[in-house]
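Chains: A, B, C and D, in written order; residue numbering restarts at 1 for each.
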Amino acid sequence: MQNNPLIQQQLEAWIQENKGHAILGTTAQYIPALGNVDPSLLGICMVDEDGHYYCAGDTDKEFTLQSISKALTFIALSCHYGLEFVLERVDVEPTGEAFNSIIPFEIHRPNKPFNPFINAGAITVSALLPGPTSQKKYEYLLSFLESLVGHPLEMDQEVYDSEWKTSHRNRALAYYLKEANFLEIEVEEALDIYISQCSIKISVKDLALIGLIIAYDGYNPITKVKHFSDEIAQVAKVLMVTCGMYNSSGNFAAHVGIPAKSGVSGGILAAVPPKLHSQTYEFRAGAGIGVYGPAIDATGNSAAGTMMLRQISKEWDLSIF
Amino acid sequence: MQNNPLIQQQLEAWIQENKGHAILGTTAQYIPALGNVDPSLLGICMVDEDGHYYCAGDTDKEFTLQSISKALTFIALSCHYGLEFVLERVDVEPTGEAFNSIIPFEIHRPNKPFNPFINAGAITVSALLPGPTSQKKYEYLLSFLESLVGHPLEMDQEVYDSEWKTSHRNRALAYYLKEANFLEIEVEEALDIYISQCSIKISVKDLALIGLIIAYDGYNPITKVKHFSDEIAQVAKVLMVTCGMYNSSGNFAAHVGIPAKSGVSGGILAAVPPKLHSQTYEFRAGAGIGVYGPAIDATGNSAAGTMMLRQISKEWDLSIF
Amino acid sequence: MQNNPLIQQQLEAWIQENKGHAILGTTAQYIPALGNVDPSLLGICMVDEDGHYYCAGDTDKEFTLQSISKALTFIALSCHYGLEFVLERVDVEPTGEAFNSIIPFEIHRPNKPFNPFINAGAITVSALLPGPTSQKKYEYLLSFLESLVGHPLEMDQEVYDSEWKTSHRNRALAYYLKEANFLEIEVEEALDIYISQCSIKISVKDLALIGLIIAYDGYNPITKVKHFSDEIAQVAKVLMVTCGMYNSSGNFAAHVGIPAKSGVSGGILAAVPPKLHSQTYEFRAGAGIGVYGPAIDATGNSAAGTMMLRQISKEWDLSIF
Amino acid sequence: MQNNPLIQQQLEAWIQENKGHAILGTTAQYIPALGNVDPSLLGICMVDEDGHYYCAGDTDKEFTLQSISKALTFIALSCHYGLEFVLERVDVEPTGEAFNSIIPFEIHRPNKPFNPFINAGAITVSALLPGPTSQKKYEYLLSFLESLVGHPLEMDQEVYDSEWKTSHRNRALAYYLKEANFLEIEVEEALDIYISQCSIKISVKDLALIGLIIAYDGYNPITKVKHFSDEIAQVAKVLMVTCGMYNSSGNFAAHVGIPAKSGVSGGILAAVPPKLHSQTYEFRAGAGIGVYGPAIDATGNSAAGTMMLRQISKEWDLSIF
């Protein structure tokens, strides 16, 4: 079967239509290595269950995972220790607080962090990755991700260095977690893993494939490999719907309705589950989507990327709701 | 087509299996008229797109809507003024705070209430219902609900009186909303509507039908009547998934995965959308579910009802995730 | 002994010097009856232990007690039931929250309100005044105040009406107190007393006399009457120092150092204890001060009045620190 | 003039009477080197303006300054840069939050820390001490303290090491301060100074002398040396009254009324200003008091020491209120 040229044309048209929304955001200024990127970039890649890739816009540029890694670390850890182990240590409840707030964690102490997508939960999860050192833990994650995308991945050392030096707030949070007995390893080690995972370089094509695997409940329909259990994929999708887009997760669910996880680099990982009763024929059997648009809005999500996904979901009836 | 006796038997078996979980909760003690109910009751009703009803357990007992009404008022208001009007006045973001907390609202001022399912948002929505007086507003809602269920509904005056006298916290919240200019009408009027809607008597059969209509995006597949738009139904389902089960909405989504709204009376309204790729044949074309189990857990949800829905969703693969 | 003309001249000069600071504030806009007052007014009255009164500026204009009443209700209640009774029901700890915040109360629940000078504590105290009805409770307070100032006092009905209609935030707070079981009487009754006490009309001369009595530990050195115990006066002075000037109490203590209580009407009650080792001779044996300057700053204190007290305290070495 | 034997006898009697209150507290368990101290110790030293020392109980044991150092760093910094410089960087408002909370600081951002006695303010102040390195800054402070007490002081290296390893919460706070641009130096340097100052060893005799100097507005009446300005001493006393005893400062002011600063080591520094109109003759011309009782209560203050000071203040009429 061949690629559908209409889908390709449509995506290219939507890239043009939505490029302008980049002016509603700016690149993440608090991480110097991210702040210097061209804010007008916009790229998308979609892949279906037969392995057809549809890429449009600025798809050559690699970027770092940032918070997208939170979804992947959650999955990797659940794969190793089982979902029950992870859910004993971090909850799956959404919170109205900003992603990096210290407040909610303190108030609800001595409970566990609200969910693995706020920084308190994400650092807790990263520190639990298997391995005796932060390097080994990081390598475990990297190897898990490489098994998903099927090729080697590497870290953006400049972004790592930039974040290592400036992440005072994450250090504050991690020391707070240490004080509250949530971290078994040293704070500096936990930050090393966390910042390392945030600094992994990725492409929209890779994100699209990962999104497809999540949409197919851990199964890669192209390679026929099962990477993780249905249960893990389902909880990951729940988290993506309820907490995946920072403090506009509810609005994203209402207007887009696709499980997704964004990062301040401007990347978005989206998983479109099969929807046999869809009102259109495009991607009825599901898809994975990778988006990159480095100008992020006030809530931390790609400004143009979010608008484009809204249009795509509406036109092709991709919402799970 | 006839009812499927296997489904009926299965539901009756699950009622027996889950009845015991009632001891994990107690009836709502802060509303005297609710506190005196037999906590061991448990009933369920499911209805499919052909109008087959499957009822098991204690299904004769009527109960009051309580917070379930929040979902219905949101839909009724959106029907009248349009979704855009409503979303300008109340957000759709989940919050980690307790449903009746005054804190989050103050902190995020002067924004709108987080969502229509926390009390601040619910009172705001109720006060906006069409009509010049609280009585007219209430009648508008009642008439909307009667059009959904197809028969007259009435208020439980004893519950209304009980709540009117003891709802100091809702009065506090409503005066706070008034102070913050969110309420155009008088506080006592807003509370009258709000407590009235909470006191409407309902049965699990009615809830099941309403759930079916929401699952079918506002369309009643039995009567072939379209009650409200796809867009309204979709946002309602998003809210049910992200905020429908108070502060355990995330866990309910992870373990049950069915859009639902609960009330402290022990009722649960659940909407099972069609899922043509389901791993089982039961309710592939969707369903509505009404549950009643008055012993509620620490988060305010029916203890036995939640456990039973978890089992049903798992066995019949009803999760949307 | 006669009045000291130099003191009189000095006060008149300071009134002129400080009048201009009124532009740093505005009259309380959220209470219409207060908002319409001429913001440029400034008056002061000081009285010494021999009954010499020194009045300068706009001293004819009466104004309402507002939060100044909180100090007096605390004293009146302690007189009737004893200090221990009162301190069991309200704490004496300062708080960094705004005077009318709902937050701190909720967080520290189920403790008692932080202190009687935040609204939660003040309403709690007012509701405890002796008497079977709000009218009787108010009359008890009024009669106590009249015994201090030696003449009848009356309420400003226009201010009362204005506050009764607009005090949504106080109603929110009072319903919250009711919910938390801090109020034994009905909310509307508690508000009636509280707003009544806030609406009592007073002059700077009266305030000066009350300040003198507090400075003299409950004893009126002019009439030789002991109105309340040393212990009550001392706790009142502690509260005035730590919480008397809303959220700038610490700064007022650091720069003025005189126990004082302000109100949003622009009045300030100040009690200058005897200071035999003072570096000047003025008011070595203590004094009472009443100030009126209706333009209030962002923290709720008379802008010009605060500046004038700072100058007076510095020049005449009146700080207790 | 000779020591008054009646005062000596009285103090020894009060030590015996109050020793038992130690059971109301425990030694600070979160700092291992403090947790292992004998909790039943209780010692006091008072010194008057003629240099008479009255010491009773366990006065040989040295202990570390801990939070008492916050008052001294504030004075030392104000001496060097002037009060205005310091007050621009840290406020002097009390707060109801716990001394080491991260919450209030975040909420009130971008304001300055509430006061120099909460950890956020204290670390800010310490980091500002003159000197290019943390070592030089610490030496500046040490040398200032040595000039007050008149002999060399040293650090308790075991306590320093113990706190350095376990102060996750202070690290969290300091990184938070860094993020908020309150710290110009590196976090680890700021913590080095802060933990160093907390670890300085002191005796009740030294504390008594420092208390006397503060009571005399920076002047040592025994050596006739003026160490710091009246203004600095007065603000220090205001802080001691409003925030000196953690979250029971208000109660301490109400029941004791002496400016004081406590530390979790169980030490208390108290400054009794002259009170010529006192109802007793003891210490009319003021005094300094050092107390040591390592069993601390829930608010962090020496349990027996606080009770003893309450008795002393009442019997000898030492309250400034």
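Assume a contact is a pair of C-beta atoms (placed from the backbone, for glycine too) under 8 Å apart; a residue touches a chain by one contact, two chains touch by 3 or more.
Quantities reported herein were computed from a predicted structural model and do not represent experimental measurements.
Visitor: Expressed in steps between touching chains, what is the minimal separation of chain A and chain C?
Guide: Minimum step count, chain A to chain C: 2.
Visitor: Can you list every chain that touches chain B and also touches chain C?
Guide: none
Visitor: Let me spell it out: compute each chain's centre from its C-alpha atoms, then which one is farthest from chain A's centre?
Guide: Relative to chain A, the chain with the farthest C-alpha centre is C.
Visitor: Determine the centre-to-centre distance between chain A and chain B, using the mean Cα coordinates as centres, and give it in whole Å.
Guide: So the centre of chain A lies 32 Å away from the centre of chain B.
Visitor: Taking the mean of the CA coordinates per chain, how far is chain B from chain D in Å?
Guide: Roughly 56 Å separates the two chain centres.
Visitor: How far is the middle of chain A from the middle of chain D, if each middle is the mean of its Cα atoms, in Å?
Guide: Here chain A and chain D have centroids separated by 49 Å.
Visitor: Would you give the residues of chain C that are in contact with at least 2 other chains, written as numbers and ranges?
Guide: Counting only residues that touch two or more other chains, chain C contributes 107.
Visitor: Going by the touch definition at the top, which pairs of chains touch each other?
Guide: A-B, A-D, B-C, C-D
Visitor: Spell out the part of chain A that touches chain D in their complex, as residue ranges.
Guide: 101-103, 106-107, 168-169, 171-176, 178-179, 187
Visitor: Note which residues of chain A are touching chain B in the complex, please.
Guide: Those residues of chain A that touch chain B are 87, 91-97, 104, 108, 114-115, 234-235, 237-239, 241-243, 247-251, 253-254, 257, 259, 273-274, 276-277, 319-321.
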